[in-house]
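Each of the next two complexes has chain A plus one more chain, namely chain B in the first and chain C in the second.
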Partner chain A sequence: MSTSTAELYVPDHIVHNTKTITFIRSSMSVIAGSAAGILGLTGYTGFIFYGVVSLFTSFIIWAMKTKGQPGKYFKGKTDVWIDGVFGSLFSYVLFWTLLYGTVHVYD
Partner chain B sequence: MSQPALAESQALYLDPVFVMVLVGILRHQITLLLSGSPKKPTCKAIRETKALQRGVILRTYGNNVPPSAFSSRKTILTQAYERGVYLKNPGQANTPVNPMTDPQGMEMMMEGMKKNMAMIIPQTIIMGWINFFFSGFVLIKLPFPLTVRFKTMLQRGVETPDMDVTWVSSLSWYFLNLFGLRPVYTLLLGEDNSADGMRDMAAMSTMGMTQTGQPQDFNKLFQTEKENLQLTPHEWELDEIENRLLVKYGKRVESIKEVKKEESIKVKKEEGSEKEKESGLEGRGKRRKGQKRD
Partner chain C sequence: MSSTTTVGRIICFIGFIFLAHASYSTYEHLSYLKAVERVERELPLDIKLETLSSVAIFSLGVALVAGSLKEIYVKSEMAKKTIDLVDTRPSFIIFNHRGRVVKKQ
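Up next, the complex of A and B:
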């Protein structure tokens, strides 16, 4: 009756799941950054590209990792979509700049 | 917009990246070496923490046991907390531990110092190195435009007034590396690596020095836990289970359940008010003791 659903989660598993998501997101941000740099995206297009890629990544996580039921694996249902998106923006910018410099500036 | 003169060696911007990745790996290994194997806590120290955890568990999952079991556990735990049965050394419960004389506290402080050194020294050296060798020319072009305000920050030491802001100097490139290399470390060294300086810094600023330097005062923690436990209400999960089951399987409509609930709440309230009348005469401290007895 008064037991909230939050107590039904095992904290260790939640931590493990969050780690998995962080790993996926950081790898994806590195790959997306490299792709954006090689494609030679500049300005807003680069950031829009990041948004599209992270949305796509979230969808893949949602569909394949949680099998469409994020509530089973995470406390918040929006964790799958939001968690770590802004944290990995820096690494995206880093690899974007790096590959852009390598391919298009110094060619 | 004039095209700035690029440095002679064209791949100069790669050097900081390589160096920072390698230094990160070195940092990770050094931290592993310095910390060694974690020290085993004594039996009594474990008992102390576990006793505290028992109270928390009782508070969280108490509704799963019948009222009699809950109240007996509550009584035993509160008494134990009050008397300090589970303390490491019950005799000196009230004397604050001096971290300078306590050998364990000293060791913890040393640990914190070591970690700090391993964090600060490489960071300073890299920054000095970059400032010394890479100053005075732009290093790389950002793929996105920034406003002119950033010019003084990103092109420090390069005094060309009409150069595009997207060209940035080595120091900005260094900071971009500092913030962005975490996933690289994660891929190279695994999840729980200590290569990333930024995370340590964030942890330091939130924790402060008290956490690393001073051991916790368990007597105080026990007293708080005792108060929390006394304030915890108990509502058994199996109360009115038959009604809930019947409602769940559609044998009874919801409204009856609600009526029942209201009745039970009314009864409870009346009981509560009577109790308050009884205990209202006594002082606050006496009331607490009376609760403990039953």
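Up next, the complex of A and C:
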């Protein structure tokens, strides 16, 4: 533990970053849900697909938004990978079932 | 609206078009299978690839639309400010200066 400086945060910027990440994650969950519905995934494979897409989204955020330095923009180390993943799961399931029903079930 | 946002929106739109086309292709494929009375087993590879690539394209677009993040540390925020900007507060205002005399003349 270093005792050199106490870290002070700008609360507005933390809120702004969380908002930006939530926007990206919710948009991606909508598109990923539509894709899962079109592909006709059922059961566990759909949730595995969501996990893969979330990981990909996290990588995009890590690479394009934080430019490989998430420590500058987030308080926690895992925030960039986990933040908002479970919140967007419900909109994923919504669009997954919607597109599956539209494309595969009804004529 | 910055040019990055515009580019991001265009990329998002392209991804969305791909997704819509993939869904229509799937629908057509399933209708064809029903018409020739075969059982649905797997989707053709090109439809799968189109769907997955549309997700990838859309993710790039939405990352561009979202705008940049801001650094959360106060020290990095203070590094951008000049000393004059920091000193612009009521404690540093001087009322007792030459302006009073100059304005009278």
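A few remarks follow.
Note that the second predicted complex is superposed on the first by the 100 of 107 C-alpha atoms of A that agree within 3 Å, B and C clash if a C-alpha of one lies under 4 Å from a C-alpha of the other, contacts with A are read in each partner's own complex, and residues count from 1 in each chain.
Criterion: a contact is a pair of C-beta atoms (placed from the backbone, for glycine too) under 8 Å apart; a residue touches a chain by one contact, two chains touch by 3 or more.
Everything numeric in this text was worked out from a predicted model, so none of it was measured.
Chain B and chain C, once both complexes are superposed via chain A, fit side by side. In the superposition on chain A, A:Asn17 makes contact with chain C only, while chain B stays out of contact range. After overlaying the two complexes on the shared chain, residue contacts for A:Phe47 are found with chain B alone; chain C is out of touch. Angle at chain A (Cα centre) between the Cα centres of chain B and chain C in the superposed arrangement: 90°, in steps of 10. Residue contacts after overlaying the shared chain place A:Ser27 against chain B and chain C alike.
Once chain A of one complex is fitted onto chain A of the other, the partner contacts of A:Gly101 are limited to chain B, with no touch recorded for chain C. Of the two partner chains, chain B is the only one touched by A:Ser91; chain C is not. After superposing the two complexes on chain A, the shortest C-alpha to C-alpha distance between chain B and chain C comes to 11 Å. Residues 7, 23, 27, 40 of chain A lie in contact with chain B in one complex and with chain C in the other. Only residues 15-16, 19, 22-23, 26-27, 30-31, 34, 43, 47-48, 51-52, 54-56, 58-60, 62-64, 66-77 of chain C touch chain A when the two sit together in their complex.
The touching residues of chain A, counted against chain C in their complex, run 5, 7-10, 12-14, 16-17, 20, 23-24, 27-28, 31-32, 34-35, 38-40, 53, 56-57, 60-61, 64-66, 72-75, 99, 102-104, 107. Residues of chain B that touch chain A in their complex: 6, 10-11, 13, 17, 60-61, 63-64, 140-145, 173, 176-177, 179-184, 186-187, 191, 235, 237, 239-240, 244.
Those residues of chain A whose C-beta lies close enough to touch chain B in the complex are 1-3, 7, 19, 22-23, 26-27, 29-30, 36-37, 40-44, 46-47, 88, 90-98, 100-101, 105-106.
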